[in-house]
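Scroll down for the structure; my scribbles are underneath it.
Letters A, B, C and D mark the chains as written, and numbering starts fresh at 1 in each.
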Amino acid sequence: MINKVVTDAEEALVDVIDGMTLMLGGFGLCGIPENCINELVKKGVSSLTCISNNAGVDDFGIGLLLQQRQVKKMIASYVGENAEFERQLLSGELEVELIPQGTLATRCLAAGYGMPAIFTPAGVGTEVAEGKEVRNFGGKDYLLEMAFEADFALVKAWRGDTAGNLIYRQTARNFNPVMAMAGKVTVAEVEELVPAGTLNPDHIHTPGIYVHRIFQGANYEKRIEQRTVRKYEGLDVTKAEDYAG
Amino acid sequence: MLDKDGIARRIAKEIKDGYYVNLGIGIPTLVANYIPEDTHVVLQSENGLLGMGPFPYEGEEDSDLINAGKQTITMLPGSAVFDSAMSFGMIRAQKVDLTILGAMEVSEYGDIANWKIPGKLVKGMGGAMDLVASAKNIIVAMQQVSKSGDSKLLRNCTLPLTGIRCIRKVVTEMAVFEIDIENGGFQLIERAPGVSVNEIRNATAGRFSAADNVPEMQLGG
Amino acid sequence: MINKVVTDAEEALVDVIDGMTLMLGGFGLCGIPENCINELVKKGVSSLTCISNNAGVDDFGIGLLLQQRQVKKMIASYVGENAEFERQLLSGELEVELIPQGTLATRCLAAGYGMPAIFTPAGVGTEVAEGKEVRNFGGKDYLLEMAFEADFALVKAWRGDTAGNLIYRQTARNFNPVMAMAGKVTVAEVEELVPAGTLNPDHIHTPGIYVHRIFQGANYEKRIEQRTVRKYEGLDVTKAEDYAG
Amino acid sequence: MLDKDGIARRIAKEIKDGYYVNLGIGIPTLVANYIPEDTHVVLQSENGLLGMGPFPYEGEEDSDLINAGKQTITMLPGSAVFDSAMSFGMIRAQKVDLTILGAMEVSEYGDIANWKIPGKLVKGMGGAMDLVASAKNIIVAMQQVSKSGDSKLLRNCTLPLTGIRCIRKVVTEMAVFEIDIENGGFQLIERAPGVSVNEIRNATAGRFSAADNVPEMQLGG
């Protein structure tokens, strides 16, 4: 089996340079490649185009790259929760392209599946459709959306093996598998790196063929963005505050 | 006039046994509280989960388990996790039976605006555009009139659109409407308790129609 | 959780009628819905259009439907290994549409993901491209291929739960997950049916939302089409017959 | 002249450490036998497996574990299983480094025919059309001349095509060729041991070119 292991984020990102387009997995702060982001900050590469569903918070996630003004353009579906982001956007320092969440995911999938473009109804008739081809199939309009191209995809998995196979945990999966398929170079950081042969082949979410470099990350904070809980006693599913909806 | 919970209670009556349901943030979230116990539904969270359960007990929060609102949640028995492409795949393929979401404006042709206010900072559409463009069955939960007294049920939306010709049912603090997407128009089908047809008509800027005897809502929950 | 359990194939296929389009999972004889096929034979529905990668062998798999002349049209990528199939094809009794294997899989995926059509380079410049739109992206030509529509998808999984969630085993996965997503009605037969909550949500290949009816199948034969083995002693990886290639 | 194993041995030299490889049925399958032990490759089986290993020992066959040729196989440590859509997804996305397949005819522009003979019963193209249209690096293993002595390296294919302008390298019992897809032509780059340039030229119906000193093949394995 092919060994994809590198020592750490520094080695994994050694050839990331200014101006590159990066995909970063995660939804909110869940399942984000913390070690890679820290390394990008340390490395100081700039003028990055970042494709990620969200832009982190001020002091965590992609917010750390924004603080250092390393991001030229952000492609995301939702960028709230980030004051520095707002400041740079309003001042014109930062370019932002907002695209629907499903379109974002599917444009990654298209890249990973060798499809140059996909059709989606999301955004038809809205400003998202401006300049895009609209096509009717079966009486319904769809936008033609192009597959993404990214120099690097940086993803975070729960467990990975030396052959690059990845398994995600719960909703930390989110965008990671589709981005892992879409990078020209895909770097995976994992909480636990195991020898090839340890993982059940039926449980693997991202086959190693899509992963070029893998390392076991360190010091995961795994910050929770919105801690919502219910009380131990008196759970009442008819009460709004007890139910996540 | 209904309060937010009243709107949620009315919407809960639209949920049938066996439904897969996607609930947006705000009033739609409240709907979960009014689903009868004998109605089995599965809640989808579009970040990649079917079978969303209640918030965790304190100390049992798991940073790997959140919903589309980024809140810590739990999973119910029978849950399944998947990636975001499959999540929106099942949404586009109309496997989700009912989508409930909020709106800032709805037009008489079923257009909806709920993601962007010019002059205010834009946070993004998230999954809203995918949901409204894909779902076969959407209920909008919204206020009929703004704080300044303007109707939000319009001939045409004034705000940037989230989707066009996609909303067929609206529940407000005053009424339940069906929208005639083909010909345009809000048809009043139920009144909130104590609210007259005339009051509702006056609070509807888009084309309005009502049968002779519009019943009052029966609230579930 | 929603209960999708039915008693058996008879109940699961009660509303299958003549002339319907069916998808059948499996690759060769591996991972095929044996119980559903037997029920279709017993039921005697005819004029079926079957979408499946292969057409079984004479006395197993879709071959059983061919024996009873229940199939009007076969849509597949490879139909060897079946003498009755050849006879019906040559006599004009059976209509056959051959499509590339990846196109077949991706047209199922498109249906399951709500994409009306996909672009693939497979078949460009060949007879497969006849009558189809060709479009150039980035200097390469692609065919526009439409999503499938199927009245029923019949799939076979290893384990399933009462909520319809499915887990496949090894290469018996093949077309089953993509077809499970593509049926207007999807019927899953499983070797072991377990209560909802038994399966790890991270291990599920097909979420229950795609499955309308599920039952535990009986009497699985799981026939092997080409039994290839190596000798216990004297394994020599330089010998062709010792290596699967 | 090379025998089938000779062709396989020559092709095995094209396999680099770290390659993901898809092997077709026939001569390509033999290539696996000649991959050096210190060259780590992963074999893809397009029904949905990476990490295909040898045939199982007798009695250990598993009906759930087969390759694209429907043969019982094993998995090596580090294997991953996936569905057919992902399998062809990774093929189309050119994640497979090398594809080796057989052919009935190849043209001087890199067209290939290997799935259908008019008048004979058609069994189908399986994954061949996807593979040839997608792979960035394809080697065709084939006989240079038919049993009746006709060249199979043609100006234009006479059989129904599997793909166009996709084959850049061909290994036969006589030679190794590179194909100039842009301008057309078979360029001889290696001769089988003991075979002259003239013999090869005479067995090539398509446009042929050769440098002054074409070396003999060095066979690996």
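By our rule, a contact is a pair of C-beta atoms (placed from the backbone, for glycine too) under 8 Å apart; a residue touches a chain by one contact, two chains touch by 3 or more.
Which protein is which chain? UniProt says A, C = 3-oxoacid CoA-transferase subunit A; B, D = 3-oxoacid CoA-transferase subunit B.
None of the values given here were measured: they were computed from a predicted structure.
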A-B or B-C - the one linked by more C-beta pairs in contact: A-B
Centre distance in Å when chain B and chain C are each reduced to the mean of their C-alpha atoms: 37
Whole-Å gap separating chain A and chain C, where each centre is the average of the chain's CA atoms: 32
Interchain centroid distance [CA atoms averaged], chain A/chain B, Å: 27
Distance between chain centroids, defined by C-alpha means - chain B, chain D (Å): 55
Two or more partner chains touched - positions in chain B: 49, 75, 81-82, 85, 88-89, 91-92, 134
Residues of chain C whose C-beta touches two or more other chains: 106, 113-115, 120-121, 168-170, 173, 201-202
Pairs of chains, among all present, that meet the touch criterion: A-B, A-C, A-D, B-C, C-D
Contact footprint of chain A on chain C as seen in their complex: 106, 113-121, 137-138, 140, 142, 146, 167-170, 173, 201-203
Complex interface listing, chain C residues touching chain B: 1-3, 111-115, 161-163, 165, 181, 195-197, 201-202, 204, 207-210
Partner chain C, residues of chain D touching it in the complex: 5, 23, 28-34, 43, 45-49, 52-67, 69-75, 81-85, 87-89, 91-92, 111, 121-130, 133-134, 160-165, 221
Chain D - residues contacting chain A, complex: 17-18, 20, 40-42, 44, 49-51, 75-82, 85-86, 88-96, 134
Residues of chain C touching chain D in the complex: 27-31, 53, 76-80, 86, 89-90, 98, 100-106, 108-109, 120-128, 158, 168-178, 205, 222-232, 235, 237-240, 242-245
